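These notes concern the structure reproduced below.
The letters A, B, C and D name the chains in turn, as written, and every chain counts its residues from 1.
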Amino acid sequence: MRIGVITFPGSLDDVDAARAVRLAGAEPVSLWHGDHDLKDVDAVVLPGGFSYGDYLRAGAIAARSPLMADVVAAARQGLPVLGICNGFQVLCEAGLLPGALTRNSHLHFRNRDQGLLVERADTAWTTSFTQGQRIVVPVKNGEGRYVAAPADLDRLEGDGRVVVRYVSTTPGSGVDGNPNGSSRDIAGVTSADGRVVGLMPHPEHAVEDLTGPSTDGLGFFTSVLTAMVAA
Amino acid sequence: MTATPHAADGPADAAVRAMPDLDTVDRAGRTPDDAQPFAELGLKDDEYARIREILGRRPTTAELAMYSVMWSEHCSYKSSKVHLRRFGDLPKSDALLVGMGENAGVVDVGEGYAVTFKVESHNHPSYVEPYQGAATGVGGIVRDILTMGARPIAVMDSLRFGAADAPDTARVLPGVVAGVGGYGNCLGLPNIGGELLFDETYAGNPLVNALCVGVLRHEELQLAKAEGVGNKVVLFGARTGGDGIGGVSVLASETFDAEGPAKRPAVQVGDPFTEKLLIEACLEIFAAGLVTGIQDLGGAGISCATSELAAAGSGGMAIDLDAVPLRDSTLTPAEILMSESQERMCAIVEPGKVDEFLAVCAKWDVLATVIGEVTDGDRLTIDWHGERIVDVPPRTVALEGPRYDRPMARPADLDALQADAPPSSSADLRADWLAVVSSPDGADKSWVTEQYDRYVRGNTVLAQPEDAGVLRIDESSNLGIALSLDGNARYARLDPYTGAQLNLAEAYRNVAVSGAKPLAVTNCLNFGSPENPEVMWQFAEAVRGLADGCRELGLPVTGGNVSLYNQTGDVAINPTPVIGVLGVHADVTRRVPTGWRADGESVLLLGE
Amino acid sequence: MPQVVVDVVLKPEISDPQGQAVLGALGRLGHSGVRSVRQGKHFVLEVDGDPDEAELREIAETLLANPVIEDVELHLPTD
Amino acid sequence: MPQVVVDVVLKPEISDPQGQAVLGALGRLGHSGVRSVRQGKHFVLEVDGDPDEAELREIAETLLANPVIEDVELHLPTD
């Protein structure tokens, strides 16, 4: 199984995403934003970082890079695509996922270990989880507040396209579960066919006991292997 | 003080006729008596006289600008060098691959890996524009590490502000923290620790000290020197603009009349995205063996990089200043030489490798331009519009600046301070205890540390709120390093010798208790004005204390930075030696985190 | 060279924490006459020759603004 | 309610990495007629009653902009 990891100018967590792919048992293949070449990969990860410095809007410039045209076309044919943090922002800017990510409500960058509730365990990237499972992975962003017009949010919820939602890691402690003011605590969403998933938290930073708060993040990467075997 | 306009009686070059005020080497030779604003540029009478003696004539405007910046306290260490020698006298350590004098020291950590680390201050700019000052401070120290051939892998920051509830702290602190985070996060460098302390002496003079650590294979080491006649000098990274040259504007006003160029900002704006591209381009360039020498551009910009590269090499250097890509076409040659525009580097490249070098830069969208070459002989020459405006022996600019052994005096209030007895009654003790536990210094730091990415690169084993940051550097062997950065200025105020040693001991213990073996020391010495004998005494004592402490512990000092003139009016900050200790973990999986792990564990107290 | 200005503002139904923060600060500083603040982006483009309105509108609407959450105002040179 | 617009732009001599990045993207997208892009901020303030120009200027220059690196343009309602 070959999983592509795209490097845009300013991508930062591409090494981490590749490590997570490897630990999940697949072969990471590095893809360059400026090429029109998906190298026959079976799935693609858009990693976190600050592509183009997050200048203009996070993900806006990267979404218009040559390789993204190929990603969009392939995704429409069912290629599994995962966007993490900046990758999620790119997918929204490229029109593969609904909504937009904007400046956090408290106006600060925030990095912390984050509780998440898995609401969809049947997308290409979440079958290793069970619906309703609580997991902990790091979140770190300055422009991670998920927004959309209220009617669009209603439609998303109605169609069951919220994949993960922010929850407190210490329920009852009064610590706000929502790290950035995202509408309806939305942390990640999926395309209508469940093949494209974007989320702000960083599962690739929760794949080893040594360096992560948990190994819960590995599930996203093992899920796509199962999805590909099944396909 | 304004120069008398000279008729274009020199060379008939059209460009020169268009700029009748251009001060060339030729003209300087013919007009020895022109008054020059050396005092406004911070040069003393005897310093100016020495420049004239070195050159055998008056300096040109551009040369005057170069000498004045390179001979400033900031670049020449003129007040501190006599004391810093103590670090050089420490016994040699087998682990030390490159010691003081280079951009950063390099330490062998085993398995063919080396680590380079250094801490540097950006205090004054952070007060003027907190966000950009702190951000460009991080950017500067990261380029120092990159210059050694290393991939930067983490940062730390040590911060001091005025009273926590002072109105100005509310302006400066959030901006500084956002700037440290904004730049480091955008570069993809985990922040693995630091300090945040408050004291009234820092009101109006906050301290922003940033540390960067990088890793390289032994054979990847790069040095900052220009060798090989005919090799090209390549400037790459951002364009040169009018940043950070506020001080040289006296020269601009000398060359242009009333409505001359816009007043230059003293503030530099950071562009971390460009720096990230610069890092990736450099690492690719190093891996392909495309450079023979490299230097980052920081304070004093092109003046500093060219004179240091040439001074460290065996030949001379010829620069064509017209080739420098500008952001602002109205810059004067002196301003181009002085500009502190961020995110620039300068490399020495063999002619046959220039194309490949430029191709790597193009891949990363990094602007790169050949601006000169290494020459035989021993002069640094700089031309502008076909005219020679600089012709100097580079060592006199970069290495042979003035040195002072300034007068010192033990502070008059020290006896009284030291006599302040510990509390004797239980009521006093209670009050002191309450003061300590309610101090903002002891408050939870997560408001700050949550603004820093600790996870990026996936090798952070320990970070805030641990006492030391721990990083894995090899995924197969689990080789790793630990770092701690500490500086208690209250101890140093009471006794700078012992205070510096206590700071060293704290950083050393923090590294050791994580399970690492301490290997090397870096430091940033933040003090008041060296022209105040009491401050100079504090400085000398702190250096002596640190050197003696390092000798006792068997650790080399691999580098550091001195920041003087930290004061508001006549009031100096508390002497603040910030000490960083690096240690090595043979196996990071055996690191020891802080705190209790399980019920029923025994608690032991070690030491006296 | 002709200058084209593009202002990008958040759609009214999208909340604007930056504007909110400014409004809060104004209140604390005693500027009570300001009722609301919205923060957007302001671009100044220098273009070669005659500005092509259709092209500039496309640039504004597809790159400078994200139409999911933002509206644009295009100001061509008026002379 | 009267609307006051404040545009905050970087001083010309200050580098503008954001504008540079937008310019680069425009070039790659084939919009070669754009020669330069500068990015600033655009504030829309709603004020009670008659806008007080002096007060608004103070707000613009001390709170909305950082005068060390930015200039402001104040646009009062013209009706």
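The definition used in the following text is that a contact is a pair of C-beta atoms (placed from the backbone, for glycine too) under 8 Å apart; a residue touches a chain by one contact, two chains touch by 3 or more.
All of these numbers come straight from a predicted model, not from anything done at the bench.
Undergrad: When I count C-beta pairs in contact, which pair ends up with more: A-C or A-D?
TA: Result of the comparison of A-C and A-D: A-C.
Undergrad: Between chain A and chain C, what distance separates the C-alpha centroids? Give it in angstrom.
TA: Spacing between the chain centres: roughly 29 Å.
Undergrad: Where the centres are mean C-alpha positions, what is the separation of chain C from chain D, in Å?
TA: 9
Undergrad: Can you check how far apart chain B and chain D are, centre to centre, with Cα atoms defining each centre and the answer in Å?
TA: Spacing between the chain centres: roughly 34 Å.
Undergrad: If I count partner chains per residue in chain B, which residues reach a count of at least 2?
TA: Residue numbers touching two or more other chains: 271, 273-274, 365.
Undergrad: For chain A, give me the residues that contact two or more of the other chains.
TA: 52-53, 55-56, 64
Undergrad: Among the residues of chain D, which ones contact at least 2 other chains?
TA: 17, 20-22, 24-25, 29, 39
Undergrad: Pairs of chains that touch, anyone?
TA: After working through each pair, the chains in contact turn out to be A-B, A-C, A-D, B-D, C-D.
Undergrad: Which positions of chain A touch chain C when the two form their complex?
TA: Listed in rising order, the residues of chain A that touch chain C are 56-57, 60, 64, 92-93, 98-100, 102-107, 145, 147-150, 181.
Undergrad: Can you list the chain C residues touching chain D in their complex?
TA: 1, 7-9, 19, 22, 25-26, 29, 31, 33-49, 52, 55, 59, 63-64
Undergrad: Give every residue of chain A touching chain D within the complex, in rising order.
TA: Touch list, chain A to chain D: 52-53, 55-56, 61, 64-65.
Undergrad: In the complex, go through chain B and note every residue touching chain A.
TA: Interface residues on the chain B side: 178, 181-182, 185-188, 271-274, 276-277, 364-365, 449-461, 472, 475, 588-589.
Undergrad: Give every residue of chain D touching chain B within the complex, in rising order.
TA: 10-15, 17, 20-21, 24, 66, 68-69
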